[in-house]
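One chain, chain A, links the two complexes that follow: it is found with chain B in the first and with chain C in the second.
Up next is the complex of A and B:
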């Protein structure tokens, strides 16, 4: 099952980048080279959010077979609502808002793992049930209203230093940090060890429970951070702001070369997959395809990439 | 086979009682919920009341059973809900004026499901990603066919869903018949044992001389077939097609399978339990309305109900070591 049939000439994580690059060429060949830079900047800006939630999802998925977080969209919305209410559109309170968002995310992640560990529920069910609860809290706090961000937060999400957008730049740095953490730190090695074999990791002295708790807490925190920043980027926190990230967070992780069987994470690959996802949307908008065609092609490309990329696999 | 049947076969009586109680959990929940609803509104306890209360359960039960077949293999189907949506679009658009085309489309959809099962098997792909891709394909196709909700279900179909059979309302008859059929095929028949065995240990099935490829393809096709039936019955109830009508079916279906005693490890599923689980989950909404829980907290309370029932299972299950 894990035999590689085609010699892997390219690492699995590179396929997202290749497809993204191809889509970018197709798009700018239609719009003309003058729009090439603009298309790229827009793609990278949106991809940064997919990478934030994807990185959290990756930590959870890598922590062991069956681990997955379906509560990300509701955590994003809840964190964004609470942070926006805490800030009252006041510039002086942006850090308070950030702290509120991160706190909400980490607590939500810990609650997810608590339900998995204490009630011994499958992660899909535990995080789904919590997502219902978080959704209710979000409706209670924000309702159908859009809560506006402070002007400074809105401006900082699109701020550029020397022509380089700061937010995507910061997310790239985060990706690099996560790569180092996974490869070089005790936490990173423990996480992957727990993902490969819970029993072996336990016998080797890894506190599997704590490592998974941290993975879920970090996932909640990153989702909350994405919600906080997305509210700034799009002009407000809204009830359905996180919906598209439910499936997208899983798709970018797996297309990025992380194994759903756990124990094998790839942080940089998430960027390739996220760029591919967002470029596909932009390209099909450029060609004025209707929404149905866009969804259809997204599905076809997801399956094609997963089916064609050679890497050791195990079934979910 | 899995732990559940191992317990019932070789365990002391008190453990056997425990696993029976565990299997009865969704039914207990169902009875408690019904009792609360009837206590609040006694008028519900009638042919007409039950018809209304269970009205929307039939398509959900069929979709959940499709999901159950996939989970039985140790896979998961994230495309179930959008597939049902696509079937409602095809049904509302074509079944009235061009039944031949509609039937051809259903057959093509079932074959597509089988083909994806084949792909998952041959390339040893994670089902979670392939079915995620499939969900985009079904939704995309449905939106292309019917960008806005519309179309019309054929009169005979909506007529059938409105039919008042003797003794019990149609949705309850449907639940009983479907649960019984599932029980006979999956739990009692020798083929069912092979199917569950494949989910638990595919190599053992292969050694016993069965083609695991053929089994996977057939099970995916059957899941697609149940999805078609779910879409048909749903169109009969709503009388129109809507690409986005049933995305929730995917995760409710998964929850129903797990509530009903199924497990993601493969090989352990219960058709009767799944039907009960689907009934519990679709009654949860009505129960919360009868309890006058505000709409804000209804979603959250559904999460609470899930926790409550599954926590009961943990309490009943023996503590390891």
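Up next is the complex of A and C:
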């Protein structure tokens, strides 16, 4: 079976990049070409965080219909709080802090999947319920204050080599690794197989439960990593630091060409969608649209892109 | 059955009202304005729309501290705090529960200025004193304790005028949440003040959502397209993020109006030492919950209180920066107790249309 394509024969992941590029052109046509580089650097710096959480979300969404992680913002916050308090602003402890953050994230992801698999809760409920628990822990761990990062962490998240911020570069490398893992490794193939048909994957010998557990754990780990780095980048862990990433983590995955029905993941497309989201905000600010118009344009553009993106090829 | 319950509710409402009137009749207002009617049997609840940021966490603790102390001194019998998760329907149903539990007064930080009117009216009808604070509630039976946000924008613009005079200056405005009432009112104050100073021009505007991370992201995004910025208008919680964005873009730090956060004050102090950086800091204090608490207690003690009580913003100037910074917890926000005496002085200033007493700097 094959779906009829109406649009031009471009891969689904390219649409985010195209629209992002168009927004960039529109923005710099209003502000002048001399601002083009600065706008791009600022966009890429923030898009990197969206890509980190989006990549985790993508692994979960691709692992099967209905799988989604709504606990990402609270995992980011909790991991950032615990990591910052483990480091006490001490430069020597940045790796300890990183380990704490990753540990928190992986455990949180595993707890998410445990609630789904053992209690048979729908993922949307299980991860939302855990998110309240994680957020409560974060409040208990000094929710009355912003916890500062060690100076080295703060400096390294904003470090530039020859004018190019280094953190987004590292995230690009991560994206490439995830692409290879999805295409070439047993885990990647198993994840997509489980996402396409749980029963067929099971009959083919894929341990669906383990694969999904890994997907959730990796998602938690990537969210926690994003929280850790974001705390360094923005000057501290705050209770509401993850709030904007709930919607964004899902939106960048869907706009990036990953199928919500599972079984088809697109890691590079997340970058296009993340650039689109961040440039959209910059463009709306540049033209100083009223609050209502901003929300309207955001909604219309998202619907338009999702409608235009050709549906992923149905597999024979 | 239902009818009976209804009748009982009506009776109880009358009873509660009657009991509330008893101390009112017996009340004595002392020379310092503090009403001393017997409130030792009353219970006061705090209905909070959202508890998910550090400001609200401190606000809840401030209320609990003041209320616990009042219980110890026999000024009230009990208190409680209920928070909804930014959901007005949840907050409305929590209000109904508080009414059923027979609290004498409810102080409410409403998640919406209209959606809770029904619940507020029900509470008033049951004879409960309702004090809405730091949030608009349009139901007229509620007392309101709030800031005058015109003065917020005015103070920011006045400070810029004192620094730049009539020199043409570009400003960046960081607003709150798009479409939010607090943001609209504060922005209206800025616009009004802007009309008085034609040399200032707002060349960029972003929504920082009172959150450092969001403000940093939005400012970093718009900054490459902006000319040299002289000053940054803020709404609190966004100053540090703005400073980080300027720093990351390799730009000179403009005059950022700080919002009483410890990281902002520490940055201010650092820059002051390095190059004589000067600015002001102003903002709401979490302890406004205490002002609302004492207003409710005073109403029940028989004091005559105007329907709208304006409370002062906390302002920090160059001279008292060190004193405040020493007092603010690491990563926290500047806060100062609203005592019963200060609250009564504020009530009286409102009633007499006199200038509102400010929050004194720590010694």
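Quick note on the criterion: the second predicted complex is superposed on the first by the 302 of 316 C-alpha atoms of A that agree within 3 Å, B and C clash if a C-alpha of one lies under 4 Å from a C-alpha of the other, contacts with A are read in each partner's own complex, and residues count from 1 in each chain.
What we mean here is this: a contact is a pair of C-beta atoms (placed from the backbone, for glycine too) under 8 Å apart; a residue touches a chain by one contact, two chains touch by 3 or more.
All values reported here derive from a predicted model rather than from experimental measurement.
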Once both complexes are superposed via chain A, do chain B and chain C end up clashing or fitting? clash
Please indicate which partner A:282 is in contact with in the superposed arrangement: first for chain B, second for chain C, both, or neither. second
With the two structures laid over each other on chain A, which partner does A:135 touch: chain B (first), chain C (second), both, or neither? both
For A:119 in the superposed arrangement: first (chain B), second (chain C), both or neither? first
On the A-aligned overlay, A:299 touches which partner chain: chain B = first, chain C = second, or both, or neither? first
Based on the superposed arrangement, let me know which partner A:94 touches: chain B (first), chain C (second), both, or neither? neither
A:239 in the overlay: touching chain B, chain C, both, or neither? Say first, second, both or neither. second
One more residue to check, A:291. First (chain B), second (chain C), both or neither? both
Let me test your reading of the model: by the given contact rule, A:206 touches which partner, first (chain B), second (chain C), both or neither? neither
If both complexes are laid over each other on chain A, which piece of chain C (21-29, 111-119 or 147-155) hits chain B? 111-119
For chain A, give the residues common to its interface with chain B and its interface with chain C. 135, 139, 143, 291-292, 294-295
Residue set of chain A touching chain C in the complex reads 27-28, 30-32, 35, 37-39, 41-43, 45-46, 135, 139, 142-148, 158, 230, 233-236, 238-241, 243-244, 278, 281-282, 285-286, 288, 291-292, 294-295
Taking the touch rule as given, give the residues of chain A at its contact with chain B in the complex, in rising order. 1-2, 66, 68, 70, 115, 119-122, 124-125, 128-137, 139-140, 143, 247, 250-251, 254-255, 260-261, 290-303, 306-307, 313-316
Residue positions on chain B within touch of chain A in the complex are 74-76, 78, 116, 119-120, 123-130, 132-145, 147, 243, 251, 254-255, 258, 263-264, 296-304, 306-307, 310-311, 314, 317
How about chain C: which of its residues touch chain A in the complex? 51-54, 57-58, 61, 178-179, 204-207, 211-214, 216-218, 220-225, 240-241, 244, 248-249, 261-263, 329-332
